[in-house]
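Per-chain residue numbering starts at 1, and chain names A, B and C are given in the order in which the chains are listed.
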Amino acid sequence: MSNENMTTPDPNTESGSRVESQTSPRPGSEVVDSDELNRPKTSETVVSSRDLDVFYGDTQALQGIDIEIPKKQVTAMIGPSGCGKSTFLRCINRMNDLIDSCRIEGELKFEAKNVYDSDVDPVALRRRIGMVFQSPNPFPKTIYENVAYGLKIQGKTENMDQKVEDALKSAALWDEVKDRLDESGLDLSGGQQQRLCIARAIAVDPEVILMDEPASALDPVATSQVEDLISDLAEEYTVVIVTHNMQQAARISDKTAVFLTGGELVEFDDTQKVFENPESQRVEDYITGKFG
Amino acid sequence: MSQENNTPDFVGRSGIRSAREQSIKWLLFGCAALSVAVTTAIVATLLFDAIDFFLEVSPMAFFFGTTWSPTIDQAFGVVPLVAGTLFVTVLSACIAIPVGVASATYLSEYASRKTRSIIKPALEILAGIPTVVYGYFALVYLTPALEWLGLPLSTFNALSASIMIGIMIIPMVSSLSEDAMSAVPDSLRQAGYGMGATKLEVSTGVVIPAAASGIFSSFILALSRAIGETMIVVVAAGMRPRLVPSPFESLEVMTAAMVQLVTTDIAGGSTAYRAMFAIGITLFAITFAMNLASTFVASRYREEYQ
Amino acid sequence: MATGHDGPTGDWFGNSEQISRLPGKVFAATCLAATLFGIVMVAGLLVYVTKDAIRPLTANPGWFLVFFLTLVVPSTALLAYFGRRRDGEATVALTALGIPFFGLLLGSGVLMLFIDVIGIFEWLAFVAATIVAVGVILGHRRVRGRTSFLEELLVGVVALVGLGPVTYQFISTFPTLPQAWLIYLFTFGLGGAAIAGLLVARRRNDRRAGLTAFTALFVTVTAGVFIDPSTGITPPVWVILFTFAAIPTALYAEGVVRRRQGSLPVGLFFPFVVVAGMLVGAVLVDLLGFAGPQAWLDIQFLTSANSRFPEEAGIYPALIGSILMMVVVAISSFPIGVGAALYLEEYAPSSGPLSVVVKFIEINIANLAGVPSVVYGLLGLALFVNWLDFASGIVVVGGMTVGLLILPIIIISAQEAIRAVPGSLRQASYGMGATRWQTIRRVVLPEALPGILTGSILAFGRAIGETAPLLMIGAAASVFRAPNGFFDIFSAMPRQIYTWVGQPSQEFQYGVMAAGVVTLVTVMISMNAAAILIRNKYERRS
C-alpha cells in the first residue's frame, strides 16, 4: 500500500472535526443523499450511519462514515487492507464491544434505532444481525448441533429439526450432509464448512447477515458456490459483505462502498456506477489498479 | 430515547438475562479473588502469632541468635536453621542446575518430537512423586549406597537429602528452561548456522544466552522450592541444628524445625509454639520474594521475544 | 525448533579438516545423559523398592514359570500380533483392558467408602434429597420461566443441605426400610444402566437400541445380586463394581462394534485372555504346590490397620483416610479453581481500574503456587483449627488445607487449557447473539474440559502425596480404624509412611515401608497415567 499518492486533501477528512456537534442524535433529520434518484430498486434503508468514528486506543480506524445500507440487497465493502471495512462491519452488530480498547462516536442506526444508545442490548442485537467470518469456524460439534446452536441459545427449541433442515437447504448444503448430520462439522471440506457457518447464521432468521471476507480462505470452486449462495440469500436477507476481491464485489453486489486507507468511506453507490464511472479519482485509481 | 411507539426488540436489556450474566460474572470473580484472600490469610495468620512471639523474644535474639533449642533452653536463634537451609539448597542446586540446563538443552535443541513425547511425561512423573517417598529413598537406599562408596556418613546426613532434593527439582529447572529456549526465535538459530557455526556453538553461544533470563528465573523458582522442601530433609537429614553444617552429618533446616515443633507435644500458646509461626513467616517472606524475583526476571524474556 | 543438520554431507572441503565434530557429539551425549540421569535414578530406586515390597526371590521358580506360560506368553503374543496388524487393534485391546482396570480401582474406592464410612440410609437420604432438589429446580424453572443461575444454585444448595438431614430423620422413622441390596441396586445399578442407555440411544440415534442396552445391563446387575454371598460377592460389591467397571467397558465395546460395522473387533477379547491366563495360572500353581512370593505388599497389608508387628501392619485406615481427604480436596479446589480460571481468561478486562486488580490477582496466584507446603500447613492449623475451631487432624481440615495448596496449580493449568480454545469459536458464538455465559458453557468449556481435567488430575496426584501440611494440621500418626466421616480424625498414606520412618527395625524399613511406598506411588502414577492418556487422546483428535 503506498500512502504517498494520498496527499490530496479529501472533503471527507473534515468530518472528524464535526464530531463535537454530533453528540446528540437529531431525531427526524433526513439524510439527504445525492444518489437517491439513481437507485435501480427503491427500497428502504435498514442500516445507516452518520459521522461514525471508531478508535482503537489512540489510533482512529474509521473517520466520519455516512452510509445507508438498503434492505434485501447485497452491499459490498471493498478497499485495501487496513482501511477499516471490517471494523465498520463489526460496528453494525457491536462485535467491537468485545475489544476493550475500541471506542465509537457518532451514530449507527439499525431500523431507526441507534445501536450505540445505552438502552440497546448488544446480545439481542446480534440475534437480529447474523455474522459469517473470514475463515470457516464451525463449532467442534455435530453438523446438526452447529446449525441448532443459535436456536438453542435463544430458547427457540420447538420444531428444531425442521428449522435445521430449512437452514441447511437455504445454505445449499442439505443434499450433501442430510445423511450425516451427526458427524462433526470439522469433517466437512472448507467450502462446506463455510456454508455450514452460513446455515448456522440464517437458522435463527436474522434481518441482516454480515460477511467478513467469507470466501478468502476457499478454493475457486467453493468460492463460486458461496457467491451463488449470497446472491440467493439477498432475496430474503440484507447482506453486507466485506471483500478484498473487486471482481467478487462486482459480480455479486447491488451496492458498493469503497473504503480507502485512513478509514474513510470515499464512494458509495450502485455497484455498476462505482466500477464503470466512479466520481472520485482515487477510487478510479484503486479500481483500475493504479494503487492499493 | 425517543422511540415511544415502535421500540425494536433489541432495545432494553433483558432483565433476567442481564442479572444472570452479572451474577455469574461476580461469582467467578469471587473465585479469582479468593486467591488474594488466601494470601491475606497466610500473612494474617502467620503475623498474628509471630508478633506475639516477637513480643516475647526480641527480633535481634531471633534473627541473630546462634543457638536453636526451643524446648530445652528456650533459645530461639534462627541462624543455625538458616545456615542448614542454605547449605542444603546450595548442595542441591549443584546437582539440579547443571543437570536441568543440560537436559533442557537436549529437549529443546536435540531431541526429536518422539523422544520429547516420551521424556516429558517421565519428567512430569519425577516431579509428581511424593516428597516423603524421596526422603525414604534417601534414607534407606541412598545413604547406605554412599556409605558403601566409602563416604563417612551418619544415618541422617545432609548429602543424601540434598542429592534427592536436587533430583526432585530437576524437572522444574528443565521444563521452565526449555520453555525459555523454545521461545528463542528460529531466526536467531538460522543466523548462527548461516555464519557456519556448529550445532554446539549455536546451542551454547546463541540459544542459551538468548534465553538467559528465562533460565535464570527457573533457577530462582527451583531454589525457592528447595528452600521450602520439608519431607526429604525431615526424613533423611535429621534434626540437629548446626551453625557450621557438614555434608556427612545431620543438620536441621527451617522447615524441619517447624515439623519438629508441631510433632512434639508443646502447649498451644507457648513461646515454642509461636516460634513455629516466626519461622513460618520468615520462610514465607524468603520464598515469596524469590518467586516475585523469578516472575520479574521471566517477564523480561517474554517481552523480548513475544 | 532446532533446524541444523550436522550429518555428513559427502566429500567437501573441510570434511576431514579443522571443524571437529567430536565436541558437538560429546556435548549432545552429555545433555542426553543429564536428561536421563534423574529419570534412570528414580526408576532404579522404584524398581528396588518394588523388589523389597514384593520380594520376588522368595517365590518358587515354578510359580514364575507357570504364570509366564499362562499369562505373559499368550498376552504378549496377542499384543504383538495386534501391533503388527497396524489397524489400531492394539489400542482397542489395551483400552479394553485399561477401562475395567481403572473402573475397578475407582469402584473399590467407592466400595470402601460404603463399607466403612457412609451408612446405607444416609446414602438413601442423600439420593432422595438430590432427587427432590432437582425436582424443585425444575419446578422452579417452570414457574418462574427463565430463572437466574444464582437463584438455581441457591435453591439447589438449600434443597440439598436442608433436605439431607431432614430426609435422614424422616427415613429413619419409617417402620420398614427397603433392604440394603435394593438401595444399592436402585441407586447405582439403575442409575448406571439408565445413563448407559441414554448414551447408547444418543450415539445410535435409536431409542430402541438405548432401551435394549438399558434392559440388558439392568437385568444383568439385578441377576448378580442373587449370587451366593459366601463367594465374597455380596450385593454391594457386585452392584458397585459392576456400575464402575462393567458398564463403562460395555459402553466402550458398544462404541467399537458400532464404528467397525461388520468386521469383528478381536481386540475386545484381549482382557478375557489376560483374565483367563491369571485364573488358569492360579489354579495350576495351587495344584502343583508352587509357593508365590512372600510379599510385604499383599491383601493383608492393604486391608489391615497398623500394628507393632511388621507382619501384621497394614495401611487400610490410611488408605481410606486418603480417599476421604481427596474427596474434600476435589470438592474444595476444583470448582473454585476452574471458576477463577474462567474469570481470568474470559471476563477479566484488559483496561480500566479492574484490570489492575486482575493483574494483581494473576501475580498473586503465580506466587501462591510457590509457597512451601509446610506454610500451607501452618495456614490450615491457624485458620481452621485455631480460628474456626475445627478439631485438629480431621478429614475436612486436611482436605481443605491441601485443597488450598493445589488451588493455584489448578487455576494455572485450567487457564492454559481455556486459553488454547481458538478465539474464532468465541467470535462465532458471540456473533450468533450468545451471551458470555452461553458462550462459555456451550463452546469454551466443552473444548477446554480435557485440558482442565488433565491439569487437575495431575494436581490431585500431587495432593495425595502431600505430607508436610498433614503434619502441621495434626493428622494422626497412626489410626487403627478407618475414619467414619468427614469430621473424624484421620491419617493418610504419606502420613502413615512417615510414621513408619520412626521404626528402626529392618522389617519396617525395608518391608512395611517399601510396601507403603509402592502403594502410594502406584496410586500417584495411575493418576498421572490417566491424565496423560486423556491428554493424548484429545491432542490427537484436534
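Everything below uses one rule, namely that contacts are C-beta pairs under 8 Å (C-beta built on N, C-alpha and C of every residue); 3 or more make two chains touch, one makes a residue touch a chain.
Each chain and its UniProt protein: A = Phosphate ABC transporter ATP-binding protein; B = Phosphate transport system permease protein; C = Phosphate transport system permease protein PstA.
Computed from a predicted structure; not experimentally measured.
Asker: Please indicate the chain closest to the centre of the assembly, with centres calculated from CA atoms only.
Answerer: Chain closest to the assembly's C-alpha mean: C.
Asker: In terms of C-beta pairs in contact, which of B-C and A-B ranks higher?
Answerer: B-C
Asker: Can you give the whole-Å distance between the Cα centres of subunit A and subunit C?
Answerer: Taking the mean C-alpha position of each chain, the two centres sit 49 Å apart.
Asker: In whole angstrom, what separates the CA-based centres of subunit B and subunit C?
Answerer: Once rounded, the distance between the two centres reads 26 Å.
Asker: What is the distance, in whole Å, between the centres of subunit A and subunit B, each centre taken as the mean of its C-alpha atoms?
Answerer: So the centre of subunit A lies 52 Å away from the centre of subunit B.
Asker: Find every residue in subunit A that makes contact with two or more other chains and list them.
Answerer: 123-125, 127-128
Asker: Note the residues in subunit B that touch 2 or more other chains, in rising order.
Answerer: 17
Asker: Using the touch definition from the top, which residues of subunit C touch two or more other chains?
Answerer: Residue numbers touching two or more other chains: 146, 435.
Asker: Quick one: in the complex, what on subunit A touches subunit C?
Answerer: Interface residues on the subunit A side: 93, 95, 98, 100-101, 123-128, 130-131, 133, 135, 137-141, 149-150, 152-155, 182, 197, 200-201, 204.
Asker: Please name which positions on subunit C make contact with subunit A in the complex.
Answerer: 146, 205, 349-352, 422, 424-425, 427-435, 438, 442-443, 446-447, 542
Asker: Provide the residue numbers of subunit B that touch subunit A in the complex, in ascending order.
Answerer: 1-3, 6-14, 17-18
Asker: Across the complex, what residues on subunit B touch subunit C?
Answerer: Subunit B reaches subunit C through residues 16-17, 19-21, 23-25, 27-36, 38-39, 41-42, 45-46, 48-49, 98-100, 102-103, 105-111, 119, 121-126, 128-133, 135-137, 139-141, 167, 170-171, 174, 182, 186, 189-190, 193, 198-200, 202-204, 221, 224-225, 227-231, 234-235, 255, 258-259, 262-263, 268, 276-277, 280, 283-284, 287-288, 290-292, 294-295.
Asker: Write out the stretch or stretches of subunit C touching subunit B in their complex.
Answerer: Residues in contact with subunit B: 1-4, 6, 19, 21, 23-24, 27-28, 30-35, 37-39, 41-42, 45, 48-49, 145-150, 335-337, 339-340, 342-344, 347-348, 357-358, 360-361, 363-368, 370-376, 378-379, 381-383, 386-387, 404, 407-408, 411, 435-437, 458, 461-462, 464-468, 471-472, 474, 494, 497-498, 501, 509-510, 513, 517, 520-521, 524-525, 528, 532.
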